[in-house]
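Next up: the structures, one after another.
Across the two complexes that follow, chain A remains constant while its partner is chain B and subsequently chain C.
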Partner chain A sequence: MADPRSGGSLRYSQDVAVEGMWHARIVRSPYAHARVVSIDGSALPENTVLLTPDDVADLSMYGCQIRDEAVLSRGEARFVGDPVAVVAAPTRRLADAALALVEVDYEELPAVFGIEDAVADGAVLVHERHHVSENDAAYFGIRPVDGSNVCHRFRIRHGDVEAGFAQADVVVEETFTTDGAAHVPMEPHATLARWTDDGRLEVWSGTQTPFNVRMDLAAIFGVDQSRVRVVCPPMGGSFGAKTFVRLEGLAAATARKAGRPIKMVLDRAEEWQTLNRHPSRITVRLGAKADGTLVAKTVTCHADTGAYADCGPGVAQKMGFAAPGPYRIPNVHVDSHCVYTNAPPNGAYRGYGQMQSIWASERTMDIMADRLGIDPLELRLKNLLREGDAYATGEVMHDVAFEECLRNAAEAIGWNEGREGKGLCVLMKGMQTPSRASVAVDALEDGTYRVRCATVEMGQGARYAIRTMAAELLGVGVDDVSFPDPDTDVSPYDTRTTSSRSTHMMSRALVEAVRNLREDGRTGVGEVADQGGLDPDTGQGIASSHWHQGAAGAVVEVDEETGSMKVRHVHASVYAGKVVVRAAAELQNEGSIIMGLGTSLFESIDFADGQVMNANLSDYNVPSITDLPRITHDLVEREGAPVHGLGETALPPIPAAIGNALQSFGIRPRSLPMTPERILDAIDERDAQAGTRELEAAE
Partner chain B sequence: MTGAATHWHAPRSLREALDLREDYGDETVVVAGGTFLGVLINNGVLAPEAMLSLRDVPELRRIEIGRELTLGAMVTHREVENHPEVRRLWPALAHMFSLVASPRIRNRATVGGVLADADYASDPPSMLAALGARVVLEGPRGRRELPVEDFILGLYETAIGSDELLTSVVVPGGHEAAVYRKFRTRSHEDRPCVSVAAARHSGRLRVVVGAAAMQPQFFPDVCGMGASPREIADEYAGRIDALSDARGSAEYRRRVVAVEVRRAIEETHHG
Partner chain C sequence: MNCTLHLNGTETALGVDGKDMLLNVLRDEVGLTSVRGTCGIGLCGTCTVIVDGQTTASCILPVGLADGKEVTTIEGVPSDDPVKVAFEKANAFQCGYCTPGMILTARAFLDENPDPTDDEIAEALAGNICRCGCYVKIADAVRLAAGMLRDEKVAA
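Moving on, here comes the complex of A and B:
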């Protein structure tokens, strides 16, 4: 049977159509911060509907972690692209034409860009107050700093860093940055909303978070969650871009006014105005004894979340709790901040903030190795967390595989045959904690089975993996297990399809569901809940019920006259525990590595006064097949081990492995992406320092 | 595009195309492969009421090979890249076309289109200028030829009259050496940050730098001064008024020019 994706028969979220639907386009602010003075739709032809802030004045504020968003922003645009009105017409073409006819008058207001300016004294405040959301995505202690642009700050306090640094023979301190990046799913955001005759809201949407969207829609319209239904057709990619409320509130509000179903599909350029990856600035201070024993570490993270928090507080939290790295360090302080600016919102992106802090921390490890004169592999092996060790959060590590992954990566790139041009990185990465997953398995009259599950398909192969696991438990073939589109009316609750949790969580929930099905004969429901969470002021507790573990190695060459770098080989080693569908698991590794290469080499959103200057795929480059080096990877399995998530693990270590390969030439990149120009600057810096040292030696 | 209807002229001969051009002038946008216009229209930058497509004009699709190479305006990048005789006799030219974007683009993008766009970051202009190529323009006053470096006047600005069409490009043959170096800072499919084309013909060197400034940079006096590759490269780096974009700052481009011009000239000695 041909895969419906390759045969063209798969119906994606942008293909959903219902009778009588109209198409809507968003009127967006051209200013980074402005008050909407007036909206004039008088030039619109008949047969169009214009949604303005007056139409949504009765709706409530929303936001998955901070309630800082309103449908149409209540007339105050906070980024270039902030929706200020919606226009709908019978066809997409007519809606496009109508879009150009809406006249909006703005009064421009002062705006703030970049982390440094946003946290400066007297900075323009993007939001006056920060209200923590009641959505269950606000699952941790959110600590906004009122009167500032900081909408969450997270801390780890472990040991006594002052005393730790006092014991250190060598202390290194460096600041690292990462640029914003775009997810670039092949399919853009797409949503269809309609109100039923009895006043229920039904939404078909390409989203990774059906239950969170239902919760926020219920809050926006002031109805019970049972009055909202969210259905999730397959997506043509997401990578975190399609999480939480994006178009759903706008489509539902427009449908309410139009009295008919409303469909919205974004243009490619609008993707850059919808959700991007957090730019970051991270300062690491690391202390070690002369023998390489790590004794103290402080990390200060800032994540630029743009004009609305979205899940930025969670991103900053994970950025913070991944920052200590998979090492035994007795004294660790982390301070992580989520900061508002007048940029388009930044949110979940494959790896969820952890790439940024892994980049900073693992680059620092190689700088430390250089200072100590210790091989970077040896320095890591000496300090790695082992079975039964406690992490900086106090949680005890089990099922530990860091050393195996790291050794695999080192071996794959020929670490022992000379380390010129080679670099390594090892990582730990958290999974959504706490979280709950439930699944139902129905025995159908024709002898086949149906899985009701809220895990969404976005190209990662989750449905096939879950069908495979169910079939194995049921003792039938995969084709005898069906998996209809997730639907909050019939699929039991699941936290969301993020953080590489679905295969891991559902593998456990399915065992119980199939056991209950055997007892009931018709239906079995299984549910697992992982407890945990951290004290936001001390970072103590359970950061992750399940840690993703991996490592990467890279081999590079550099043209020292131009800074042009050629990546020759990248290897990633990922702890899988148990592989469910090998081909899909391997594709996750390869996809993660390729995204990691884009982040390493050239992906960067170019802003000018808050405006994205490269919102197209000619000016914003993603890796093409011709950009790929030799890519190898392995999946580490263990007898009796549980299924581990692996949808993202191979992405975060790639930039640091490449950066550390440059470090082997004495080149110290500190900013992502590592463009040839930045590498040439780092070469100049190295040569200037060598010149200074020679002068000093001569004196 | 945004709803407005477009009138589409599709002449089937060069005569018909030239007549339409004379009648409508710049009111009607001439479209060749459409790879650039398509982006402008999709992004709403351009909403032409009428377009003149050269797609069905057979005279513009010819490749003629003699002492010189004549490429019709509608010959695609891919056709040049894959043409066995062009590859044998003008290897640097074929190689340069093979480096543009991706096969999808090269199957559509044309030789005439890329010259008429006069985008600073395109590959072909610098190579064609280094080879001493001439652009052929035809209109009511007849036919005229201009060297590529005189044809491109600035960013998106050329010497095409509002009643003329670019019909072909003529590339001299018999070069002792020709080299194209495409220096990228991002994806392999990206446009160059700096490109350097160098060619020797009858002992004379022509070095043209592309993508570094608003138009191809050619300094005949520097090429003719008989200096070392490094001296010529440094002179180019000093003279070029480099631009900044997402592919590199002006300062970075000048450093790359100094390196890549030297390397290109050295290659013409060895290649």
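Moving on, here comes the complex of A and C:
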């Protein structure tokens, strides 16, 4: 059977169409912070609908973690691109034309940009107060700091860091930054909303979070969740971009006013105004004894979440709890903050904040190795967490594979044959915890089976993996198991398709579902729930019911005249436990590596006063086939091990592996991406320091 | 204007605004959702179709300029075409959104260069972005397809 992807017949979220639908476009603020004084739609032709803040005054505030968003922002725009009105017309072309006819008057207000300004005394406040959301994505004890731009702060308090640093022979302290980045899914955000005659809201949307979207839509419109239906057709990529409410509230509100279904598909430039990756600033202080034993670590993280929190508090928390790294360190303090600015919102992005803190922490490891005169591989091996060790959160590590992954990466890049131009990184990455997954398996009259499951397909191959696992349990061929589009009316509850959790969680839920099906004969439901969570004030508890583990190695060359770097080879080693579909697992590894190369080398959102200056694929570059070095990878499997998620693990270690390869030349990059300009600065810094040392020696 | 496309071997008469982009006409008027937009400025290769033998970015081609021309979309490539088969065999896609443009580009390229080097394959596909990052297997697929096409020729 031909694959619908090669024949072009797969239909995505943007291809959904229903009778009588109109197309809508969003009128967006050109200011980073402004009050909407007036909206004039008098130039609009007949056969158009204009949605203004007056039309949505009855709707409730929403937000998956902080309730800080209103449909159309209640007349106060907080970033360049904040929706202030919507126009709808019978065709997309007419809607485009109508968009230009809406006149909006603004009163510009003071705005705040960048982490430093946002946390400064007397900073402009993006929101006066921070109300924690009722959505089940706000489960982890969010700690907003009222009267500031901090909407969540998370802490780990483990041991006594002062006493730890007092034992250290060497202490290094460095500050690292990462720029904002765009997800660039090939298919833009697309949503269709309609109200049925009996007053139910139906939404077809490319989203990774159907149940969270249902919860927030029910809250916005003040209806029971059972009055809202969310259906998720396949997506042409997402990488975190299509999470939580994006277009769904706007489309539903416009459909309510228009009295007809409304379809919204974003223009490419609007993607940069919809959701991006958190810029970050991370300071690491690390203490070690002369023999390389790590004794103390403090990490301070700031994540710029833009004008609306979205899941930024969760991102800051994961950034924080990944920061200790996969090492035995007896004394660790982490302080992680999620900070508002007048930038477009930042949210989930493949790796969910962990790339940023892994970059900072793993670069610090190589700086420490350099100071100690110890091989960076040896320093890591000496301190790695092993089976039965406790992490900084107090949780005991099981099914540990850090050493195997790290050794594989080192071997693949020929670490023992000289280490000039080579770098390593090892990582641990959390999975959504607590979380719950349920799945139903139905025996159909024609002898085949149907899986009802809310895991969405965005290219990661989850549907095929879940069908494969179900078929194995049922003892049938995979073609005898169907998996219709997730639909909150019929698919049982699942937390969401994020954090590489779906294949792992569903592998367990399916066992029970198939067992129950055998008993019932017609249908079986299985459910698994992983408990856990951290005390937000001490960081003690279970950060992750299941840790993703991996490592990477990189080989680079650099032209010291121009700062241009050539990555020759990248290898990623990922702990898979058990591989379900080999080709899909390989593709997830390769795709993560390639996305990590973009993050390492050139992907950066360029802002000027809150305006994205490179919101197109000419000025914002993503990796093409000609940007690839030699790419290799391996999937570590173990007899009897559970299925581990693989969707992200190979991305976070790539930047630090490349940065550490530069460090082998004495070049110390601290900011991502590592552009030629930044590499030249780091070369100058190295040479200036060498000059100072020579002068000191001469004196 | 009245515009006639020789679309996948069938004469297709359309009453359209000649300034409308071919991408939108194929999607909205003809209903070919295999033709997909991403960048909107002719750079990413997703919306690629073949117009009179040339790979063309349909998102920036006014349909009036395609009047009377042969237009091939992925539907015009038979399902047993070696390039399609090779993409499936090599698992050269994830979300599949860029795949039609990728296959059409590879198809046109292999017609011109039946025995490409790895560098030539990369150069030929440099203008086709796959954000899922399937490039390693896409290159495998093009190599595989080249071999299959050469074998076909030998057999013929």
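Criterion: the second predicted complex is superposed on the first by the 699 of 699 C-alpha atoms of A that agree within 3 Å, B and C clash if a C-alpha of one lies under 4 Å from a C-alpha of the other, contacts with A are read in each partner's own complex, and residues count from 1 in each chain.
Assume a contact is a pair of C-beta atoms (placed from the backbone, for glycine too) under 8 Å apart; a residue touches a chain by one contact, two chains touch by 3 or more.
All figures in this text were calculated on a predicted structure; none of them were measured in a lab.
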item	value
Touched chain A residues, chain B compared with chain C	C
Which superposed partner A:Thr675 touches (first chain B, second chain C, both, neither)	first
Contacts of A:Ser42 with chain B and chain C, given as first, second, both or neither	neither
Which superposed partner A:Leu601 touches (first chain B, second chain C, both, neither)	first
Partner chain in contact with A:Arg93 - chain B first, chain C second, else both or neither	both
First (chain B), second (chain C), both or neither touched by A:Ser6	second
First, second, both or neither for A:Glu561, with chain B first and chain C second	first
Which superposed partner A:Asp619 touches (first chain B, second chain C, both, neither)	first
Chain B and chain C footprints on chain A, overlapping residues	93, 616, 618, 622-624, 626
Contact set on chain C toward chain A in their complex	20, 24, 28, 33-41, 43-44, 46, 73-75, 79, 84, 87-88, 91, 93-100, 103, 121-123, 125-139
Complex contact set, residues of chain A against chain B	93-94, 96-97, 99-100, 269, 561-562, 564, 601-602, 604, 606, 613-614, 616, 618-619, 621-624, 626-627, 675-677, 680
Sites on chain B touched by chain A in the complex	1-4, 39, 43, 102, 183, 185-190, 193, 246, 248-249, 252, 255-256, 259-260
Complex interface listing, chain A residues touching chain C	2-12, 14-15, 91-93, 183-188, 234-237, 239, 267-268, 458-461, 583-584, 586-588, 590-595, 616-618, 622-626, 628, 631
